[in-house]
Amino acid sequence: MFVLNTWYIAAWAEDVTDKPFPRRICNEAIVFFRDKQTGKIAALADMCCHRGAPLSLGTVVEEGIECGYHGVVHDCSGKCVHIPGQDRIPEKAKVRAYPVVEKNEFIWIWMGDPALADESLIVDYPYNDDHKNWPHKHGFYHIKSGYMLMVDNLMDLTHLGYVHKTTIGGNPMTHVKAEMDVTRDEKSLKYVRWMINSVPPPTYTKAVDFGGSNVDRWQEFAFSAPSNILQWSGAVKTGTGAREHGNRDGGFSLRIFHGLTPETENTCFYFFTPANGYKQDDPQATELLFDHIAEAFMEDKIFCEGQQARIDERGESHLVDIVSDATRVQLRRIIKRMFDEEQKQPVPVSASTRHEIPITVAK
Amino acid sequence: MFVLNTWYIAAWAEDVTDKPFPRRICNEAIVFFRDKQTGKIAALADMCCHRGAPLSLGTVVEEGIECGYHGVVHDCSGKCVHIPGQDRIPEKAKVRAYPVVEKNEFIWIWMGDPALADESLIVDYPYNDDHKNWPHKHGFYHIKSGYMLMVDNLMDLTHLGYVHKTTIGGNPMTHVKAEMDVTRDEKSLKYVRWMINSVPPPTYTKAVDFGGSNVDRWQEFAFSAPSNILQWSGAVKTGTGAREHGNRDGGFSLRIFHGLTPETENTCFYFFTPANGYKQDDPQATELLFDHIAEAFMEDKIFCEGQQARIDERGESHLVDIVSDATRVQLRRIIKRMFDEEQKQPVPVSASTRHEIPITVAK
Amino acid sequence: MFVLNTWYIAAWAEDVTDKPFPRRICNEAIVFFRDKQTGKIAALADMCCHRGAPLSLGTVVEEGIECGYHGVVHDCSGKCVHIPGQDRIPEKAKVRAYPVVEKNEFIWIWMGDPALADESLIVDYPYNDDHKNWPHKHGFYHIKSGYMLMVDNLMDLTHLGYVHKTTIGGNPMTHVKAEMDVTRDEKSLKYVRWMINSVPPPTYTKAVDFGGSNVDRWQEFAFSAPSNILQWSGAVKTGTGAREHGNRDGGFSLRIFHGLTPETENTCFYFFTPANGYKQDDPQATELLFDHIAEAFMEDKIFCEGQQARIDERGESHLVDIVSDATRVQLRRIIKRMFDEEQKQPVPVSASTRHEIPITVAK
């Protein structure tokens, strides 16, 4: 059960070169590569139309990608354009191509009906392109849980004081008592949390010097269904008017793009990119921030994987919602609605029927 | 297919501290810990009632165990007693608690209907508490076969001369020709075997000096259904009246508690505790005995795992019983009867329905 | 789906000694050993008729093989001939025996109806016995693909220029343009390919000195259904009449027996034996040839395993045949016909019913 008519992050732009790059998304094996002539990204079903060998074992050539087994070539639209030893190319000789877009250092892929693949629906994240003000480093984890458990995780920050006590969390009660403001529309949901006059967590105090003072701390999380979250967090000395007057300089500040992409029903990829918004001229600070965040997210990974193992066995219908689940419950409803609407389409798009859909050029 | 209304060994007492200890028993994930206040053992379903995270990733606190994800606390009866950020605890907020008893260095657990969990049914094994006369060491193996194949193994000692020729077995024909006396009742079965005037096996002669003499050797195995076996074995110089006059001192003597506990249908835990009954003041003798026994039981493990792999594939209906299977066949009948009776209960207890049974405090 | 009434290679003759040798063939666990008295090979179901332990954990004794668990002995015909502690041997006490033949350094096994096991059907390969003219070395790979994908591989040599460009292949177009002559009958298929006046591939030029000249290169592949292929390949200086006058001396020449044996539906064993037909007195040349071939076949393994993974997921019905598939399509038809005919037998032989077939002595 995946939402398919949406853009998922498939890879970091730097991952895809003129060597074939394989990755499974929504349970489909896909090969990515850059067109030798245009440098544009192509994404094809990773199975040669001839004998089914993975195209990712092949070679990128002028006309597209050459299967490493018997030399059949497919172009970036998935059409077979060369068969060694014969001139006629059978009509059936093609593989599915997926719409892909390179934007903000991400490769985005559309897994559903190509006719609906509207680039303007892609989340805008200019900070990834602004290395001067938001120096950052790319992170990537393979998570052995469904992507929704990771989304849950990110949209209920009361876990910070428990899972990340010693890094980005700090005192649990600070999080439980945070003032929280939620806004939402059909496909998104945003919360802003303030922890006024609170003790800064370890990661913050290691990053900047608050002179022992308490801080006014904020967390802005914007969820874009089904699986991307834009985070802006930070803290300045308490009483300096961060909340009332919007002055958030001179303290700690970070941005993170959290992208979750289903690999299979029970596994996903986690793309994250912590950006240093407080010591932009200090590359070591960027590294240190990354290390702290990567360590914290490893803790999340452990919990989501443990949770998945239990849910695989017993389901989740017997679980009990609590007050802090409010946002989580809402975002699940948003995803459910997207999925249900997709199923109502005249030809529902599903992983099992997908390769029979007429192929549209993915550029 | 497990007998559930019975006591299984869950762990060595020393395994369970104030750190959560996870173990799967009868295919249920369970977390064990010691109550901070009383030191008593608690055993809860290892899945938080809130979002399903394993409680074993959490922390033991004054009131019970705190989930490491969002801080929900369950007490030792499985009842949720604290939810961060809210006062009301929903009625449904609880997890199954299992009756547990600490006795004779074991933690015993009752996997069935808690109302029937009668402590007096637990096998008594005072030798584990008698370190002076029965110094011993705890052994533990994870076996990739069902527990019944291990019980079979222990209750047909004709395997000793083949599997353990070079350790505790010795000459095969000695075992085949042993005089055997079997008694039984509804839930137990005991045999006493004598090998009068026989050559002692390697482990025995390494342990004590028989001066080259033959021995009168005994093996007493008391099976307590479905999965525990108390062994007393030994040998004294032949002709000194061990059998007729009951004088079994001055030779070799060991006791072993064999506890088998189902993990899944096809895997189990093997708890064993070889006790040195011949050189009680010599710790090195106890170590040496343990090493010999642990090596021998590793041989059993290999056979039972091989057997399980074949049976998984082809079943066992085509196998052929032989004379030495007599005891094995009887004990299988005893276990079958226990299981069948359990199924006749008004509400049969099964792993899949178990978490809906009303929770009884497990103390 | 296996063809069962046929001879498969089970092992190299040298693999089977007086220690039990286990191997799974057509999804049946089998133990091989040499009769202590005659030195002949026996092959029995690897599951003791008593308690199901793998016989391969036992010991070869005078009368046959002794189970390592409780000492039951089966002879080379699968009949139980000794049960410790009892004289009567139950009629049912036996395991399936498989016809086996040792020939040309191979152990051949017949997995179907023993009554049909005609030794004269075994492919003759005298080169394995001719160490003077065809010095060689045995190779063995475990392949995680069905055996048919490996047969496909060997019978469509257009892959050589892609998969083995840098070893035994050379220029792709040389292969695509090769002149090919195919002959076939009911159970076999042979092609002879000539690449007249072509550039020799890297492996050839490393082996012999063509003085920079082009070569006349041949590949003769004789497929014997369902899974064995005899190869003779080589090259001599172009224009020396190799094709017209049959003079193929003074250049490069190798023979390889390719034997594929199903382990399971999706895995197989690959037996190969590259023989040096050009520098017979130089053991280092034989070693070097083996290394080149083994490296090349590892490349095939990677492709067939990748192909199998994709086909497991999506099937192969949507794949597209091209001109170079002609031979492959024919050989698939031959195998299909063998399989279909086998199913028409009064008692179809299948892996699941096989152990109920009356046992015939396998010698």
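Going in written order, the chains are labelled A, B and C, and every chain counts its residues from 1.
Everything below uses one rule, namely that contacts are C-beta pairs under 8 Å (C-beta built on N, C-alpha and C of every residue); 3 or more make two chains touch, one makes a residue touch a chain.
The structure displayed is predicted, hence computed values, not measured ones.
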Cα superposition angle of subunit A on its copy subunit B, in degrees to the nearest 5: 120
Same-site or different-site touching of subunit A by its copy subunit C, using the half cut: different
Subunit A and subunit C, separation of their C-alpha mean positions in angstrom: 48
Numbers and ranges of subunit A residues touching at least 2 other chains: none
For the subunit A and subunit B complex, residues of the former touching the latter: 152, 156, 158-159, 161-163, 172-173, 176-177, 302-303, 306-307, 309-311, 313-314, 316, 318-325
Residue ranges of subunit A in contact with subunit C within the complex: 29, 46-47, 49-54, 57, 66-72, 80, 83-86, 90, 92-93, 355
